[in-house]
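Sharing a structure with you now.
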C-alpha cells in the first residue's frame, strides 16, 4: 500500500534546460514527505493516516535527514496538473526509517511515466537532548500498512 | 471582479525567521500569475477565462516583467491550506498591463488576513523582433472584466 | 558614495528563459544587503563600515522589510564573475531606511551594463516588543556617508 | 588530488530550522560542479584544469545527471566565508563518470568540520541524438589527475 500525494510543480522549478532542476526535485520530495507524515489536518480533508510526526522548529522530536539517494529516469517538463508522488516505508528501524518515493506523471495521463525514484533516511531525534529516540508503538502502527520493498537502484 | 488563484506554500518558502521569505513571495506571485494568464487547461477544470497569453520559452509573444512593487503587511507562517491570491488588472495600456495582487489567508479561515499587496508591470514583446507588440482586441476583451483600481501603496 | 558588493550568480538563478528569474533577483538583492549591513566580519577582510545591524533570528533588533520596488532594464545571462551591486541609503527616517540598489555587470567588463534598479524599505523592530525602534546615533553615523538620492523609477 | 571550489552560502539556503536545507545542499553541489567542470574562464583566474565540459542549453554535449547520493554528517549554520568543497572523480566509465564531493568548513577554521559527503553520476549525451557519447581522450586526460576512491556511504 502506498501514500499518494499530488504535488504541483512551480514554473521556477525548471532550470535553463527547460526541465525540473535536479536539486529542485529534492524540494518536491520534501514537500510530499511533509504532506504525508507531519501531523495536522488541512481543510481539504485528504490527510493520510500517517500524519503523526511532529514537524517544524518547535517540535519535541526532530525528524533529521541522514541520507538520500535518487535516480533520474526521465526529464520532467512544466505541467499544470500535480505529479503523482507515491511514498512508502522501505525499512522501519529502531530510531530511523527509510522513506521511498516514486514520482509519476499526473493521475489520468496515459501512458503513466515514472520520472524519478528516491529514498530518504529519517532519524527521530529528541529535541531536548539531540539524541536519537525510539520510534514509538503508535508511530509504528500508523506507518506499518505502508511497509514495502526497499528500492533497488540501478547499478552505476 | 477578481481572479482567485489558490496558491500553496512550500515548507522551503520559509527562511530562518520561520516566515515566508521576502524574495520567495515573488515566486508565489509568479505562480499565481501563470495560473491566471497563461493559456492551456488543466484536468481540474478550474481555468479562469483570462488564460489566453502564451507562456514559456517557445511562445510567439514573451510577457516580460518590467517593474514590480510590493508591500508586506503581515508575516506569513507555514500553513497547509492554499493562500487565497486575488488578481486583477489595474491598468491596460497599449502593449503593457499592470497586474495587481492581494495575498489573503486561506478561504474559510476567519478573520481573513491580508498579508501582502503587489503589482507587476507586464510588457508583451514579439519573440521574433523583441519589440513590444500591441495587446490585441481579443486579449483586451478577455481581461476587461477584471479591470479595477490600481493599488495605492502606503507612503514610505 | 556607494557600497560595492560583488555578488555571484548561481546557475539555478536562471529560469527556463535562460535568464535570471525575476523573483530570484530579490534573493540576490537580499544577499548583497546582508553583506553590506549585517554585523560581523569575514576572513576575507573586505567588510564595509556599514556592517553594524544585527541579523538572524536571535538578534535583539529585527530588520523587517516593509516595501520593495524594482525595475528590470535588461535580462541577465549566466556569468561566472560576480555582478557589481551598488548599494546606498536613499532615505534615513526615524525607525526606517530606504536601501537603494543598482545591479551592474561585473567589474572590468566594458561597456558597463545597468541591469536592474531597486529599493527596499527596512524597519528596525525591537525583537522583544515587536514595535519599531529608533535608529540610534551610532547607526546613523555609520550609514551617513552612503546617503544619496532616492531612485526615481520610470513611469509605468 | 582534489579540486577545491570555495562555495558561498546564501542566507536563503537556510530553512526554518536555521540550517542549510537538505534540498538546497544539492544546489551548492551543482554550483561547485559547474565551477569545477564547465568550460570557460573567469576574470579571477582561478580556473581548475578540469574546466573542459560544455555547459548550458546550447552545448553540443549535455551532461545529464543520472543518480545522486548524499550523507548529511552535521548541520550547517549560516556563515559568510565560503565553504571548502572538495571534488574528485570516483569512477571514470565509457560515457559516464562519478563526481565525489566532501563539503568542509571554510579554509582556515579549526577544527575542520566535514558536513556532507555526496556523489553525482554524470552521463555525457550527444545533444543532437540524445544518445550517450564516449568520453574523449582529451577529456580523460584532463580529469585523470583527480581520480580517487569512491565514497563508501555509512550503512543505513
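Chains here go by letter, A, B, C and D, matching the order in which they are written, and residues are numbered from 1 within each.
Quick note on the criterion: a contact is a pair of C-beta atoms (placed from the backbone, for glycine too) under 8 Å apart; a residue touches a chain by one contact, two chains touch by 3 or more.
For each chain, UniProt lists the protein as follows: A, B, C, D = Unannotated protein.
The shown structure was predicted, so the numbers you read here are calculated from the model rather than taken from an experiment.
Taking the mean of C-alpha positions as each chain's centre, the chain lying farthest from the centre of chain B is D.
When the interfaces C-D and A-D are ranked by how many C-beta pairs touch across them, A-D comes first. Separating the centre of chain C from that of chain D, both taken as means of CA atoms, is a distance of 29 Å. Averaged C-alpha coordinates put the centre of chain A at 25 Å from the centre of chain D. Residue positions 11-12, 16-18, 21, 23-24, 27, 30, 56-57, 78 of chain C are each in touch with at least two other chains.
Of all residues in chain D, only 11-12, 14-18, 21, 23-24, 78 touch chain B in the complex they form. By the touch rule above, chain B contacts chain C in their complex via residues 16-18, 21-24, 26-27, 29-30, 56-57, 62, 64-72, 91, 96, 98, 121, 153-154, 156. On the side of chain A, the complex with chain B involves touching residues 8, 10-12, 18, 27, 30-31, 34-35, 40-44, 56-57, 78, 80-81, 106, 108.
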